[in-house]
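These are the structures in question, set out in turn.
One chain, subunit A, appears in both complexes that follow, with subunit B as partner in the first and subunit C in the second.
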Partner chain A sequence: MKDIQRVSPVVFKATPLKTEKRNNWEVVMEYSGEGEGPYLVDLSHKPRFDFQDADLAARKPFGIRIPEIYGGSALENGVLANRMNRTQVSLYCIDGQDNTVIPDEPGFTDVTESTMFVALIGKEVFSICEKLTALDFLDPQRKTPFLFQGPFSHVPCQMVTLSRDGDSSGIVLTCSRGYGRDMIHAVINAGEEFNLKPAGENRFTKWIKSL
Partner chain B sequence: MALIITCPVCGKRNGYEFKFGGEEKGPRPDETDLTPKAWCDYVHMNHCVAGVQKEWWCHKDGCGSWFTIYRDTTTNLERQVQKADHQEAEK
Partner chain C sequence: MNRFNHLPTLKIDTTQKISFIHKRKKIYGVKGDTIATALFSNGIRIFGRSLKYHRPRGLYSLDGESSNTLMEVDGIPNVRCENTLLKEGMVIKEQNVKGSAENDILGFLDKLDWMMPAGFYYTVMHKPAKLWPIAMKQIRKAAGLGEISPEFKMPGKFDEIFLNTDVCVIGGGPAGMMAAVSAAKKGLRVILMESRPWLGGCFEFRSKEHQNRLSLHERAAQLSKEVESLKNIRVFTHASVVGTYNNNLVTGFQIGKEKDAFDERYIELRAKSVVVATGCTERPLIFDNNERPGVMQAGCALRLAKTYGQLPGKKAVFSIGHDFGLETALELHDLGLSIACIADIRDDGQDPALLKKIADKNILLLKGWVAVKAHGRKVVKQVSLSTIDGSVTRKFSCDLLVASAGMTPVTGPITVAQGKLKYDNHTGFFLPDAMPEKMHAAGRIIGLDDPLSIEASGKLAGLKAAFDCENGSIQEIGQAKKDLENLPGPVRGTKLVTAPVKGRKSFICFDEDATLKNIKQAIAKGFDVPELIKRFTATGLGPGQGGIPGHNLPLYVAKYQALPDISIKPTNVRPPLVPTLISTYAGAGHQMLKITPMDEMQRKDGGVFRNIGVWQRARYFSNDFSCKNEIENVRTNVGMLDGSTLGKFRIFGPDAVKALQRVYVSDMSKVKEGRIKYSAMCTDDGCVIDDGVVVKQGENDFYFTTSTARAGQTAEWIRYHTRYDGWNFAIVNLTDAMGVINISGPNARKVLQKVLDIDLSNEAFGFSEYKEFKIQDTVPVKAMRLGFMGELSYELHVPSSYMKSVWLMIKEAGREFNIQNFGVEAQNVLRMEKCHIILGSESEQRTNLLDVGLGFLWDRNKPEAKTVGAVALRQAEKDQTRLKLVGFKMENNTRAPRDGSLIVDTKVRGYVCTARDSFSLKEAVGMALVEAPLSKIGTRLEIFEDECGNNRIYGMVTQMPFYDPDGKRMKM
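Right, the complex of A and B next:
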């Protein structure tokens, strides 16, 4: 075998209709029976990094600004930056830039292959979340996008609420890779009454571009 | 009664998200002339205050920060919020 093989920790019980090979990941673009939403999309192939520096205000990873407030997020040039605390920020390359590699400068950790990453999109997303966590995604004091660091289905996660705008509501969620299978099982089960279905990357791309 | 703890990074959260880190006992004793008994007392002996005490908590299910709070052990309610050490150092 000449190429490395990357395997997503997320597995759906649905039949892929269209797939694409990208950076040694098998990316599903579309599943059969995706329905009318809400959707659960596997994004584990999207590059993600943790960035740490004692003086974050002076740094601009990927040329984007880092939110000043803890729990604040910013989407710029397709990169979502989430301020975790005084010294750390998580960076998700969610729109394009799938070929992003770890920058050759200190402070970066590539967490793409050590974590799972999914998006929950659709009108009833927060009703599904309400069944799995006590965190208040609809807190009027928080302005989107914003980061939660807390338990989701009892698993420590990072969750970023990108939109709370009716049909285009959506969050992205990441946690340790090992929880992937059980996390998907819990989310699909909680979303069953809302007709939650696995969807391919095309749904996510369309949604993120509409924000 | 449900314990609500104020994390200096994430704000008020359910007490189940946190791990208890013991009483705040002050700085580690100087190792010069430190007797085994004094060290043992520092490590193992607690005041077990019936009232307000300063204690360490870790936001294990969230941001992972270690910080201190004042908690009334008789009512299990937080009394006064302390900033995390890294925030105090920031000043």
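Right, the complex of A and C next:
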């Protein structure tokens, strides 16, 4: 029997220092030479769900409130809920041990496998973003966290800005899994001048807890 | 040349030498030099030769408005040397010369101008017609600017940046800086773009008093500091705007500094409001030999000294039409330039303070005089001046002629945004009349010349821009307006365009060697408006983007035709306002393609990949592109294919079936659990756009596939066609979530049985059946028995992250059977032998469901579903004029025709969709869409291939499918 392993669409040219086996994923907790930031963290193993309902106001997926405004996001109990449109919400389980299972109620689809999922953390994050997208992450009219659905390096993405506060700035980004290789290449390339480095999940956990 | 090193305005560091190669000789410039100023400091006056007449050309404006100083730099042709900073080791070559710029063999063409009147290439050498190709080659050899090899690879790093801001200020002069500051002080985000490498504009190099003994350059430094102190102003220097568009989209490019991570980058920015403070350039004065090296504009002469620390000549004559010319003469005189004479076009109106200083320094000033001719074969040696009416003439020896008719506003950013200009009699400018929405002009562009007025107008524009961003008050704007009104307004400008000359050698456009005589010739031929004259004479169509002829052309045309002022119209300006490299527009050029979860493994197995739509797919697994081995292995053994690019969707909810009924032609209420339903989707015209399978996963819960090409549009397609129904269903795109492994061939079952715990016998898992199970209690699989390749076949849909593990398991299990990969091309041949169609290959935009023989899928008995395309299909049913899909075999076992070849007789009757030499059938077969009368079995098809001439090949319509017509193999 072959050992069954899950493979992330994200591949970094960096040496993992610490890894953790989780639900058949080999999760890298720390890379060598992570530097001083900004950081790029692979979160593709984090459970993600699509939730659709004609009456979203009446639903509380994972017991959390759904933002009323399209493009609004809310982070509660380690779950990031992003209001996509009238009937649809994306849910990212970003904190915890990744063992969230699909709730046994209508409307949920597990889309963990559909997308690659990364976090960009550090004060230069938006300088990197503006090299790849025309979306205005620094629009003062928008309050964090908020969702963008649009092109990032020409590819349709969901991007949630969680913080715009100096060193704590950061976004999480998902796009079709198939674009994983080229998206990572584009982000690393855009971040090169800012010393962007791949980092393990520990960096992300520390950051998300600090928000 | 000794360089000044004591001036506070200098932008060079004379202590840091930079070596470069010019004409194979190592010479030196200093840090801060442009290529042009470094060459000038080495005594080089002739930079290149002109396009048509090969006339010597030299430094003229320092802002790159003409092709005079285009040179080849490090192999890159047409580099604007006036504004390209010098770098260590650069190799500079002259271009458009036969010999050298100094001694150009083709220089004799200057004497043959009589042979080349305006538009000569439209009118001569066309009769006899045979002559033109020969003449054209010779003209192209003699003319043109730089050359580039098709193999040339652009060196350097190019990038792009997409910005958002409240206010964008174009122009970093005093007005632009004031606008930026006043908007920024309102708390708005401001972006300031300046084409020069530093801020300051027309203040930055001048010693004239601003107020209270503060010089203009000191004031520029003050403003610059204030701008830099405001964190909400982002400054982009050495950044030129190339276009402005609707909704204040501004595009441009920036040249990188030494420490920047890019050499050049494309800028695209969205602003809520735009301030245009681009100032003025000098309007060239037109006289005989007005482009001779040694003739230059006042700003060029002054900046050479004040910014780059070198005198533009030893002895100068000035022929100017504005106070800035007088100011320049005085400043350069103080720096050691000998001035033989100043000819001022104006009889009066000069600043008395300047006149007094000129008199105090005993400089000869001739009012109402103008230069009529620059003498000297290659460079200026003498100048003829005359009175404006040409009645009196005097000659002066000199090596520098500073010539400038007046100022002209840089209105490009306004006009490309569809702003309108109107000729103003007082200033002689084309002034902004109707500004585009949320765009404001400030500074010299609106005719102001007084430093305080310029700044006040900038402040006013900044407040107006803030108001656009809903941040400011009418009262503030009113006050700023009043302040401006209390300051000096626009100055009177000179109207003179040309000296009293005949114009044979008086150039209105340097880039295209267009003279006043050419303009007259064009008018004589009936081209009476500047837009037509521009095209007929090519005036303003060169790489300087009309920078030199600019407003002179319409002004001259109006004057020559004695038109009233009101009808003077400038010619259209279009982006790019400033030329730059194509590489800059390409930017970082990230290739964004999708890969499947098996990409890496297939590459290791020798996959030859091709870009197919948004995906990279393994098309072949050897260099034999006929794929003989891959095909035969599937027919006789077992092969595996990565089918992950298929579109995959989940649709669920109480009204999911209704939605499926709407878009699929079949009756989708009949989809049974455990069974696969194959169906197709059509457009409203009945044209078939997609096909795939649907399976039921639970109550009101379906999983379906689409073609690879349609995956991106399917969710929206379904939502669009149900938008008014208010149905309750949800659709989720799972294309990337699930990988697909297709195992095909007579041994497929044996291989798969080694991996799976379920019974795979034909009885337990028959053809067209669907199962869900787990591999090793871990990996969830959706399995389908299909037969696209015409063989026993299983399609496993596996979560993408598990694909590698499952792929390796199957590979290992198949080792004893020698399982092999097969790619997209082998799949294409295998399915073609079975006459299974691929939409897009066997169809095009106009092909309907019935044309391709898929009419059997259409269920006519569900009118309540309002199936998309059903109405059109009913109409098309009886239409005998449509193309039909047929199978054909080639006559005499000849080779297969190329895909897309035409079916002809006396007319085109159809086309070949896919045809290949079939290894399974040992003959060439294919499918074609042909007119109905040709679709009968046994019809001979005449096939016309590209460039085949009269050598046609022939096929015969035959029964489909070609391979295993009873379908036994896929049901085994």
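By our rule, the second predicted complex is superposed on the first by the 206 of 211 C-alpha atoms of A that agree within 3 Å, B and C clash if a C-alpha of one lies under 4 Å from a C-alpha of the other, contacts with A are read in each partner's own complex, and residues count from 1 in each chain.
The definition used in the following text is that a residue touches a chain if its C-beta (ideal position, glycine included) is under 8 Å from a C-beta of that chain, and two chains touch if they have at least 3 such contacts.
Please read all numbers here as calculations on a predicted model, not as lab measurements.
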| item | value |
| --- | --- |
| Superposed model, subunit A: greater residue contact from subunit B or subunit C | C |
| First (subunit B), second (subunit C), both or neither touched by A:99 | neither |
| Touching partner for A:149 - first (subunit B), second (subunit C), both, neither | first |
| First (subunit B), second (subunit C), both or neither touched by A:70 | first |
| Partner chain in contact with A:134 - subunit B first, subunit C second, else both or neither | both |
| Partner chain(s) touched by A:87 [first = subunit B, second = subunit C, both, neither] | both |
| Subunit B versus subunit C as contact partner of A:7, first or second or both or neither | second |
| Contact residues of subunit A, present in both the subunit B and the subunit C interface | 87, 134 |
| Residue numbers on subunit C that touch subunit A, as the complex places them | 159-164, 189, 261, 268, 270, 588, 590-597, 599, 614-615, 650, 652-653, 728, 730, 732-738, 775-776, 778-779, 799-805, 808-809, 812 |
| Residue ranges of subunit A in contact with subunit C within the complex | 1-9, 24-25, 44, 50, 52-54, 87-88, 106-107, 109, 111-115, 130-136, 138-140, 153-155, 176-183, 185-186, 189-190, 192-193 |
| In the complex with subunit B, residue positions of subunit A that touch it | 70-71, 84-87, 134, 148-151, 156 |
| Residues of subunit B that touch subunit A when the two form their complex | 9-11, 13-14, 17, 59-65, 86-87, 90 |
